[in-house]
Amino acid sequence: MEKLLYIALFAPLVSSLFAAIFAQRKKMQLVGIVASLLIIISFLASSALLSHLLSGGAVVTANLMDWIVVGDMDVKFGFMVDQVTAVMMVVVTLVSAVVHVYSNYYMEHDEGFNRFFSYLSAFVFSMLVLVMSDNFLGLFIGWEGVGVCSWLLVGFWYYKPDQPREVNPSISPSWAANEAFIMNRIADLGLLVGIFILYWNLGTLTYSEVFANLDKLSGGLMVAAAIALFIGAMGKSAQFPLHTWLADAMEGPTPVSALIHAATMVTAGVYLVIRANPLYSQVPDVGYFIAVLGTFVAIFAASMALVNRDLKRIIAYSTLSQLGYMFAAAGLGAYWVALFHLAAHAFFKALLFLGAGNVMHAMDDELDIFKMGGLKKVMAKTYLYMGVASLALAGIWPFAGFYSKDTILEVAFNEHTYGIWFVLWLTAGLTAFYSFRQVFLVFEGDERYKKYGFHPHEAPNWVFIALLPLLVLAIVFGWWKEEFMEFVTLILPPYEMSEETHHVAWILILLTSAIAIGGIVLAYIKYANGLKRDPKIENSFIYKLLQNQYYIPVFYDKAIVKPYAELSDIAWKEIDLEMIDATVDGIAKAIEVTGDKSREIQNGNLSTYLRWMVAGFIIITILAVVSVVIK
Amino acid sequence: MSLTLTHYLILSVILFVIGMIGVIRRKNLLMLFFATEIMLNAANVALVALSSYIGDLTGQLFALFIMAIAASEVAVGLGLLILVYKKQGTLDLDNLTLLKG
Amino acid sequence: MSNILTVLIFFPLVAGLFGFLVSQKSIRVYGIAVAAAEFLLSLWLWFSFDMKNAGMQFVEKINIIPEFGISYYLGVDGISLFLVVMTTFMTLIGIIGLSIKKDIKNMIITLLFLEVAMVGVFVALDVILFYIFWEFSLVPMLYIIGAWGGEKRLYAAIKFFIYTFAGSLVMLVGILYLAHLYQSTTGEWSFALTDWYKLQMDLDVQKWLFWAFFLGFAIKVPMFPFHTWLPYAHGQAPTVGSVILAAVLLKMGTYGFVRFSLPLFPDASVSAILPIAILAIIMIIYTAMVAFAQKDIKQVIAYSSISHMGVIVLGTFAMNVEGIAGSIFLMLSHGIVSGALFLLVGVIYDRKHTKLMDEFGGLAKVMPTYATIFGIMTMASVGLPLTIGFIGEYLSLAGFYKVSPIMTILAGTSIILGAVYMLAVLKKTFFGPITKEENKSLKDLNAKELTALVPLVAIVVWLGVYPKPVLAPIDTSTKALVELMHQKAQTKEAKATILVSKTKEAK
Amino acid sequence: MEAIAFYVFAVLITALFLVTVFSKNALYAMSSLAAGMVLISGIFFVLGADFLGAVQLVVYSGAVMALYAFGMMFFDATKDVKEKNPSAKTIFLLSGASAVILVVIFSAPQIGRNIKALVTGTPGADNPHVIGEVLFTKYLIPFEVAAVMLLVAMIAGIILAGKKMDVSLSESEDDLVDEASELKEQK
Amino acid sequence: MAPINPVNIDFSSLNLVTLAPMLVTLIGALVILIIDLIKKDLDKSLYVTLTILTLFIAVGAVLSLNLNERGLFDTILIDGVAILGQLIILIGSMLFIPLALTKKRFHEFSYPEFFALFLFMIFGFQFMVSSDNLILIFIGLETASLALYPLIAMHNTRASIEAAIKYFTMGAMAAGFFAMGAAVIYGVTGSVELAVVADVLKSRMSEAGILIPVVGGALLLLVAIGFKVSLIPFHMWTPDVYEGSPAPLAGYMSIIPKIAMMVVAVRFFNIYLDLDIVSVKNLIIILAIVTATLANMMALVQGDVKRMLAYSSISHAGFIMVALALDSLKGYSSIFLYYGLFLFTNLGAFAMLWVSRRKAKLFHDRFHHPYEKFAGMIHKAPIAAVIMAIFMLSLAGVPPFSLFWGKLYVLSAIVDKGYYLVALIMALNSAIAVYYYLKLIVYMFLKPADKDKEEVTIYANRALSLEVVIGFAAFVTITSIFYIEPLMKFITDLVKSSGLV
């Protein structure tokens, strides 16, 4: 089993290094193929591990080698595949494999083809390290690794120039990449602090030992650790207020958005909370806070998606919103539900993104959905794929999203947190609306693209075959809810609905389905027959507010980025040069001036010298007297 | 009022100060050298007075040697003055300010 | 070969003197050969080093002035071993990467002399000997900056020299006082560090001495607010000067803290944690901001050095094994990484004779290999796990967390702010469209530059993934050091702060 | 008697030296200096230092004054000297303060009291005798050194006032000097 | 009239051997004078070698002296300090005199009398250091000074004559102070022999008000001593005289007269320090600090290297003066160690200037050795530049060059006595000093020569004997680490035997 583990882990690394060799060469199809194959191998190995566990096998562990051994700190490259990890691995490698294959199509004309695969595979490796590590520091390796890969991939088209925010809200790929990296770093500090707390109080960083000794932590420390770790999660999973990077990260190539910014990396935060469930179960207040924040983000992101015109940004907001759902579930203690939604979301959201990729490809990278419409004629298959994904996202029976999202709502109800439930319920409606607003605006209605001179074309068939696994899973994954629960609750705490909830479950399902369907219908009415723009609405305050993401990026710009730059400038010019360095030079100058002044007495005139000699006699007498008197 | 050692010593001090005034006041080097002679003589007065009051001869011998020193100084000093006068045509020390700073 | 340390010190000296005989044309090869031989010697030192032994090894002691207790006393332990290896390595890399045409012979000979002083500083166990090397290291550096530097090179060189000289003179007074103290306690003169370790001092005395030593070291580090010589020195120095300066010379200061301040004055060190930590945090945050404001790539890296040195200082004053070992490791990693970054800046400076970021942009397209290596070094610089930069930074911060969580969080902003300015450099220099026509024809790295840089990349990754060969000896010696400090500590507070092994108790 | 002599001498000496110091005329200054020196020998006689008094007369009124007079002829110092004397205030301040200090030091009652005479010579012998006795025993070496000093002064005076100093070798280039000396030889 | 008793003196009690070194120099001087009388137009090289031989024999004579002997009615005192003083004086003189053999001809060396006067001067210094009798010290001082003034003036330039006049006049005034000071000491103790003075003072210390004349005498003498060792504010002749003198003589004056006077100061102030008279001690320390600091600052702004070195030697004198006030074995020893090391380094540096001397002033209207002259020297004369740099670094106290050890011992002595602040100030002074030493290094190594003067050779005055002296000085400066131990031991033993502590 250990071998399988290593194959799953290192196949992507090999892939990455292989691609890296040719990174500066022209496109080589071979690179794409080899990379995809290696990722598929990794997927197969992961699946084998999953099946091993499914068949009741023991948790697989492996120790590669020592890493940091200093003082009492003993951190190894230790790996562990338990049920949660296995699920994560399969999700990650599956989506990765699909995305890799898909990228052969999407990036076919890109000059950085080889480089792209190198980065992408490196990401998969990092992500696997993240989920497979058996200790917090190993997780941190993956955590930072995915951050870097995300940075590389978002900034993949680094040569694009900066544009004003009004033209491109993300400014430029390199800007977006840096923003993502830096925001994540802010959160990483939190994670690091969490690790410090655990290390100094428990003396270990290995999950099993940490969780076994949790009772040694005092209450305050436990809260602190939980908060610190959650801050880390907030960054990676783009929770408010560290959310702005995610939408901007859409500057990266679409497969990247699909893999990293929808299916895998952004869920790492959720994974962390799930992984640290023994800790969070002990601090329900923190859990509740997480749930509330998640709920807030869910509706907050959804609201922004309502008015956005950018194909990818809409999906990005929906990702954000769905991450909110996951945190809501995890925060309320339903860890397996969160994981379930995580997996389901990975499948349908990746599918959605890759579909969007097809559209973009067809539309020469145009993203404005107002410039699309009526694409179903040329892109029927894509329409189907995206439609299914959107249905899943909207939570329509029997698609995957229905099961996972409904369960979350049930949990919220079960916990008697009706506020949360209500907001999430409302969000479900919004989700359905904006998803289908997008779908209809792209595929239905008048063919506005013609006006702009686009000549869309459908992707080749093999692409759709490649996407098939995702399509299938987006439909059927929810059907395995019970099996899934049984499997993962082997290590996650089981979450049982109360009797009462069981009784009202069907009402809840109905309510949710109703609002979802309502949303879709509303979208259909408004957009299926073409785009009718209402300047009054578009000029309204709320519309503007939403369109400008509540002005948060602008606010960050004005309140943090610019002041920081200005303050830095002041620190350099006013403090460093004018004060500190000037003091140093001033001392030197003062010494020199003293020398210059005192040599004036050396005026060359003998008479002066003689007088100074007499004066010297007087001075030394005074000094002698004074030194006696003082004593 | 009998004469005491102090009287002599005060005389010595007065002479010394007069010499000192000459040294710090004079600009003409020749006359400045006169003043240095006065200073040395003042010391001689003190030494001889002390010698006489203590009854010890050292002071007188010291004074004797100081006279020799004074004489030697005059010789060397005059040599220098002649040199300066030959080169510069003046004995005013205000003209000797090439070296300064 | 028990006198390998002597050989290590004097081989470059002899080779440097012989260098005068070598012709200008061939001197480069001679320099590389000598530096390589020296590096191999240091590797030999490493391989014959007993990893289990925490004490001084390869000890040599010859009395020079027995009456006054001064001796030729050398030795290495895990703390200094790798600083020696890094010194020889970075000198080799620096000579390989030399791009100077003017007076290259003088440059190489100067570098070899500098190597003598640097190695000497790290292996000297007699304090006067240490001081000799410490001071003497200024002279070659003065020449390097002054002779091959930029426009304001003289100002920079003199500032560097006098500033550090002034600091070390204060230290010299401290040294002499300590020697006096030793003499009045034991009745014998001795400047041997190992003898001084045994000395118990009153708290007040410790404090005065601590600050006297502190000034000498702090200026060298350089700690805020004594840092202003560094940007000038780096800004004006030729590439190899900056490489050596950042990689090795600054480490002398932090090495001094570890070797002198902590074990000699444990109580004073503990009582000084707060002010020093505040200075270190200011250093970290403030210089990171200043670095962000720079227009010149080299200045960014210069200020970033200060910021990183802040973390090292913080780790040193964590007073536990994790922190101190981490700071030592960070010294190494910062040496490698900042050395590499300065080399990299030198590469474009050689091509375009400017280091201003505005003059570049989009370089990733025309110089992809260069951009890749720069990127790797940037990541190492911001402390990405699995690069060399992470381990030291992590351990330093982890160590200091035990002392003060709040201050650690403040200091931890270095991982954020470091990313801010380094990524800004990357963005302005490498990303975006190529705005300047002349940049389109820039050549990527040539063979010489690759030879200098690739080993650095290899080390960055190797020690990031598998630091054990280096970390283990450091750990062993650091444990011994902390143990010693714990034993010597007199105040309750110091006993409590200096942790030999805290988590074991928790378990 | 002694007191009267002392006061007369003291007042006269002071007055004469004041003239030396303040006179604008070098001749007056020198004359008053010489007169003052002669009168100082009077003080020495009063104090019973006959030998010194005699030496004072010989050395100062004889040798020193002769030298100075000789020098003054060279310098043509008969006319008044023009001096830009520094402000009287500074001089007054400096000399006044020094005078106060010196008076305090010299009028200390401990000076000259309770002191054992160490060098006395043959008791009862007159002053020149004992001086001679001590000079040629105890102070033989200083005496010899003083002789060397006088030799040095003589050589110095001869060299410095000599003709050879007229042309400076240190300022003219070597080849020019050689040419000049060759020319000289040819003549 | 009382009969004169015949004076009977046992010849052996004179202990004439104590006079041997002085007699050697005296005879040497007289021989030179006689040779000159017999035959004119002999080359200066003859006199140089004769002088060196004389000094060589004198060194031998010094080394053969027995420790702690008095001679000639106790006027001569040969103790360790005297031997050290004489050795430094003689060795310094030996190092100086070959510098006369230059390529260019300078005025003073055309006189055979120059060498005679030079030996007479040494003769005077020898008496200064080998006596504790104020009369003999004074005569020795004046003999030496009166010989030194013409040595300066004989260079026969406007500047050198001005220098000699200034030195002479101030020296005359200092002599007046010396005489008055000695009179006070004599008045309080009835003796001018310092050993007796010490005893008498010790017995009289309990008298009320005794401090006024005792300290007063010290103050008066301090003016004379301060003048000679150039303590601020009695230093003002120093830079002018050094500038006016030829470089080697300036270098010589920065050491030999100072060490001679320093020995006197050690002997004299030791009495005060032993009596624990705080005001004198503090006074010396304050003067030393002021001297070291202010002179440093003034050296900072000089445009001429020789003038800079003049100020720097003032500063060094201040630095050493502190050691005097410590009244410890280490303190006194370090004075001699410092001067011994300073001798080579400083004379070497001045000799380097001498090598570069030319008659015309090409680089500056007034100065012979402006900084600009040395620009680009690393290309014109690399080895010379390196040697000069070593001298500068040594003067700055950069290890491992010789003066670092001097500095180390002095500072250590200061610290041992608990004057931490003083040690700190002195240490920081070195940091100021390093600036002006560096300035020369910067010019030599880092600044290019003026375009129109690129071809001008710096070493116009170069000659073998100069190179030998410089080479030797450089050798001593560089290899100090190997001989510090025996040297310091030698010095300490001698100082210890002097019974100062």
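When the chains are written out, they are named A, B, C, D and E in that same order, and each has its own residue count from 1.
The definition used in the following text is that a contact is a pair of C-beta atoms (placed from the backbone, for glycine too) under 8 Å apart; a residue touches a chain by one contact, two chains touch by 3 or more.
Keep in mind the model is a prediction, meaning the values are calculated, not measured.
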| item | value |
| --- | --- |
| Any chain in contact with chain A as well as chain C | E |
| Shared chain contacts [chain D and chain E, defined touch] | A, B |
| Chain pair whose interface holds the most contacting C-beta pairs | B-D |
| Farthest-lying chain, centroid of Cα atoms versus that of chain C | D |
| Furthest chain, CA centroid comparison against chain A | D |
| Per-chain Cα centre nearest the global Cα centre, belonging to chain | C |
| Whole-Å gap separating chain B and chain C, where each centre is the average of the chain's CA atoms | 65 |
| Whole-Å gap separating chain A and chain E, where each centre is the average of the chain's CA atoms | 78 |
| Length of the line joining the C-alpha centres of chain C and chain E, rounded to whole Å | 44 |
| Geometric centre distance via CA averages, chain D-chain C, whole Å | 69 |
| Sites on chain A at which at least two other chains make contact | 588, 599, 602, 604, 606-607, 610-611, 614-615, 617, 621 |
| Junction residues of chain B, two or more chains touched | 9, 12, 16, 19-20, 23-27, 44, 46, 50, 54, 56, 58, 61, 65, 68-69, 72-73, 76, 79-81, 83, 93-94, 96, 98-101 |
| Junction residues of chain D, two or more chains touched | 86, 91, 94-95, 98, 101-102, 106, 111-112, 115, 117-118, 139, 142, 146, 149, 152-153, 156, 159-160, 165 |
| Chains that touch, pairwise | A-B, A-C, A-D, A-E, B-D, B-E, C-E, D-E |
| Complex interface listing, chain A residues touching chain C | 23-24, 65-73, 137, 140-141, 144-145, 148, 151, 155, 158-162, 172-175, 178, 181-182, 185-186, 188-189, 192-193, 195-197, 199-204, 213, 216, 564-565, 567-569, 571-573, 575-576, 580-581, 583-584, 588 |
| Touching residues on chain D, where the partner in the complex is chain E | 101-102, 104-106, 108-112, 114-118, 122, 124-126, 129, 133, 136-142, 145-146, 148-149, 151-153, 155-156, 159-160, 164-165, 168-174, 177 |
| Touching residues (chain side chain A, partner chain D) in the complex | 607, 611, 614-615, 617-618, 621 |
| Chain B residues within the chain A interface of the complex | 20, 23-27, 93-94, 96-101 |
| Contacting residues of chain A [partner chain B, same complex] | 599, 602-607, 610-611, 614 |
